[in-house]
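Chains: A, B and C, in written order; residue numbering restarts at 1 for each.
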Amino acid sequence: MNIIVCVKQVPNTNDVRINHDTGTLIRDGVDSIINPDDLNALEEALQIKDSRDDVKVTVLSMGPPQAKNALMESLAMGADKAILVSDRAFAGSDTWATATVLASAIKKIGDYDIIFCGRQAIDGDTAQVGPEIAEFLDLPQITYVMDLEIQKDKVVATRSFESGTMVIESRMPVLLSAIKELNHPRFMDIRRIYEAHENEEMFEMWSAKDIEVDLTQIGVKNSPTKVYKTFVPTREFSGKKLTGTPKELANKCFNEILHLNIV
Amino acid sequence: MSNAKVNQIKDLSEYKGVCIVAQHQDSKNLPISFELIHEGMKLAKKREARLTVLILGYKIDDAVNEIAHYGADEVIYFENELLKDYSTDLYTKTVSDYLKKNKFEIVIFGASSIGRDFAPRVAARIGTGLVADCTKLDIHEEDGRFLQTRPAFGGNLMATIVCPNDRPQMATVRPGVMETATRLEEKSVVTLIKPDIALGDIIAKTLEIIYDKSKHVSLADADIIVSGGRGMKNKEGFELLEELAEVIGGTVGASRVAVDEGWIDHSRQVGQTGQTVRPIVYIACGISGAIQHMVGISDSDFIIAINKNPTAPIMERANLAVEGDLFKVIPELIKEIKEHKGMA
Amino acid sequence: MNFDLTNEQIMVTKAARRFAEEVCEPIAAEIDKEHRFPRETFELLSKYGFVGTGFPKEYGGTGNDKIAQLIVVEEIAKACMATSSILSIHQGMVNCLLKFGNEKQRDEYIRPLLCDGVVGAFALTEDNAGSDASNIHTTAVLEGDDYIINGTKRFITGAGQAGLYIVLAYTEPKLKTRGITAFIVDPKTEGFSVGKIEDKMGICASHTGELVFEDVRVPKENMLGKYNQGFKVALASIDDARVLTVGAQCLGVAESALDLAVEYAKSRVQFGKPVVLKQGIQWYIAEMATKIEATKWMTYYAAQMIQDGKRVTKQCAMVKLYASETAREVVERALQIHGGYGYMKDYAIERMYRDIKIAELYEGTNEIQKLVISREVIGKV
């Protein structure tokens, strides 16, 4: 059984701070980590590997050369092989372009029974790449997977939604996207850290030339969605004090809450 | 591999009109549908175009007729027994087929877990850009482009996105943020369509749907926390907080005092000897603000304190200090929120 | 002079830090209070290869990387000194087996100790034999093909938890330190029992106790190293232990104490301002940070020398002396910065204060370290 896990190296957005003067992110001193949902996808793939004899787990990522770190960590956790697709031509890709590249890379890898993604990345927060890859490869998909069972020739997944869960089954090959509730990712095995560095065959880097990708559909220029502007959400310390009747207080308080864009 | 490509359209002006994809459950329209209609109408007005509502299902005439009272120019009801429950394959096919034949300028979905499941597939199938989880939508004053604003980097940054070369411009909209449409006397035209779908189109098959009312978010992940301290006085006080939490879409937390007094379970404790939280908003009710508690909430984006005592330490550290009797203010606040959400 | 960590070492740091935060930190206070040996933690440390860090691949280790070994102990110590003691003292015993075990012994014992969660312990100290190791009274008398061991050991880390012990006993008391032999003892052997587990001031989760040997019969094959070579066996692994146990954990504890103090000082508002703005506090913090920096490089340097197989007795004693004193001073100052709150068990610094004192006492008291250092410096007189 072949499982391909798509991972993304992201800045730890919990540690990201904003430069209020320029309205941009301060990335200095912010750790790069494997996107948390992707870790759940990888963990599930590794659990499937633990439970059977015939499973190969390949980790795939599109990113700059530094994204190799995320892939080495995936190998240390137990993946068999890691592939980084990296090329200047991919820079600035939106989800369409990213999914295009990853789908082409997956086609090059060849055999697969399951493509496992994390639901969404903590920097982009779109949750679109997984389903778009599925569409490009003409695969069925099950997203928001919180429980998974592999049967002889199909998967049965429990999918989370706002009001509860759905049980969905699908033949393979299939694309799945994992959420936090699926499992608890394991630690790296220290011995595998050394193995991953010593065994050169475990990690490969591909460029645009190595995958047959339509260059007119990738990169910042060809991405259908483009950033018009960015700005910092205004949540400065206002230190406001309110007095008044309960009704007045509730009304003023409510208006403040509205501005936070969460209600 | 899908044949769709982007950057192919020669004449963008062929694409006109705003379309929203409604959602329902248990034969009732979900609030997001009305939020989408409100936004859709605003956008359609600015583009001087029509608003169309798509709704998919089976034997949901009541919901269809109801949604037709909210001001759309047309409601398209795709009816088929196979559409009774959500299916990625069928919903994607139905909506994609329709959008391929009907050239809309803008199409918006709800960013519910279902919307976020099939909107990207529709976008990938028809070959256009999609912007996820928007909290603000607008039309550019000068060039008429669809401006889609959404949070990125875990909410640390807001980005306004455009889709200049492809149509329709598609977005999913975060539920619970936009205003909701008003019900009108007039009824829109309802068109019934029998979509070209068959059992064989379903590859990922839903076997069972299990509804679970008691789902709640863990404190560590919560975006909104409503928390109580000594000022809650007893267990019943926390019931009031539960109500506020439910209506605002948040989770209940507590200070150590409240847990020690047995008013709420230890799993809800926030602070030095409880959990550290990092919500967007932390509403501290009847909490004095001892350092052990403040340490657990210092990463909150916005702290609101409701307290009778203006000199309580937390009143100095809160972004918004509400000086009042929480037992009077909170019921009023609950009322305000319910009204806003059209939940009266 | 390359001071950079290798890629592998950077990843080891990340892995160890995550382990410390997710496994050790949440239960640190609890296991201290309950005096509970964290067996599950030790098993996870074995499973994920932390125990084997720095040990040969053929026995299930990672390969020789003493810096990585140090890093693991340092990171664990930041969360829980007791767990770091359990880990590193166990590793010290394995190191001993590695250095002096014959092929058969290494093949049989080392893998389970590195990979399978078997705890190892080293038994030298007795009631009357601390700094003066030659004053032990445990004896090993040859009887046919076995040695019969009689005596009592005291203050042994891992007592009752270990699945294997290295025991030092007199085979020829008249020869003093040249008449001691080391033996590998299976705790299941008849006559062996665990006595009192000490009620300590700190690192309570690490069990320190008494071992009682009543005619314990140990086959000749279990002799570790050569006959009467026992003292050499004990001394040979002590250098490494001073750096990779004490140095590493003191560094971790001190770093953690400083972090806690700075965090507290930033959030504690008195007289309208956070106390971190007071120059007095800032000076304390500067002094603490500088001492930690010195400790760090001293310790890492010694570890590199051990890795390179150099003779490092002086350096190791210096590291042990300096790191333990520094850590105790830093922890004390950190608690002071916490004010009254630092005295409360709600705050981790309280436990660190109790934990850190042992560092100046075990693995050779600091007075012994000074003896070792002065001998190396002064030379023969």
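Please note the rule applied: a contact is a pair of C-beta atoms (placed from the backbone, for glycine too) under 8 Å apart; a residue touches a chain by one contact, two chains touch by 3 or more.
Owing to the predicted nature of the structure, the values given are computational and were not obtained by experimental measurement.
Novice: If you count the C-beta pairs in contact for each pair of chains, which pair comes out on top?
Specialist: A-B
Novice: Quick one: most central chain, C-alpha centroids?
Specialist: A
Novice: If you take the mean of the Cα atoms for each chain, which one ends up farthest from chain A?
Specialist: Centroid comparison gives C as the farthest chain from chain A.
Novice: What is the distance in Å between the mean C-alpha positions of chain A and chain B?
Specialist: Centre separation, chain A to chain B: 22 Å.
Novice: Taking each chain's centre as its mean C-alpha position, how far apart are chain B and chain C in Å?
Specialist: 54
Novice: With chain centres taken as the means of their Cα atoms, state the distance from chain A to chain C in Å.
Specialist: 41
Novice: Would you give the residues of chain C that are in contact with at least 2 other chains, written as numbers and ranges?
Specialist: Residues of chain C touching two or more partner chains: there are none.
Novice: Residues of chain A that touch two or more other chains: which are they?
Specialist: none
Novice: Show me the residue ranges of chain A that touch chain B in the complex, using the header's touch definition.
Specialist: 11, 13-14, 16-18, 24-25, 94-96, 99, 103, 107, 122-132, 134-138, 140-144, 156, 160-171, 174, 180, 214, 216-217, 222-233, 235, 237-244, 246-247, 249-254, 256-258, 260-263
Novice: Can you list the chain C residues touching chain B in their complex?
Specialist: Chain C reaches chain B through residues 267-268, 341, 346-347.
Novice: Which residues, counting only chain B, touch chain A once they are in their complex?
Specialist: 1-2, 5-7, 25, 86, 88-89, 92, 112-114, 116-121, 123-125, 128-133, 135-136, 147, 150-166, 176-177, 203-213, 215, 221, 223-224, 248-249, 278, 280-281, 301-302, 304, 306, 310, 315, 318-325, 328-333, 335-337, 340-341
Novice: Quick one: in the complex, what on chain A touches chain C?
Specialist: Within the complex, chain A contacts chain C at residues 69, 72-73, 76, 186-194, 197.
Novice: Help me check something: in the complex, which residues belonging to chain B touch chain C?
Specialist: Chain B reaches chain C through residues 272-273, 291-292, 294-295, 298.
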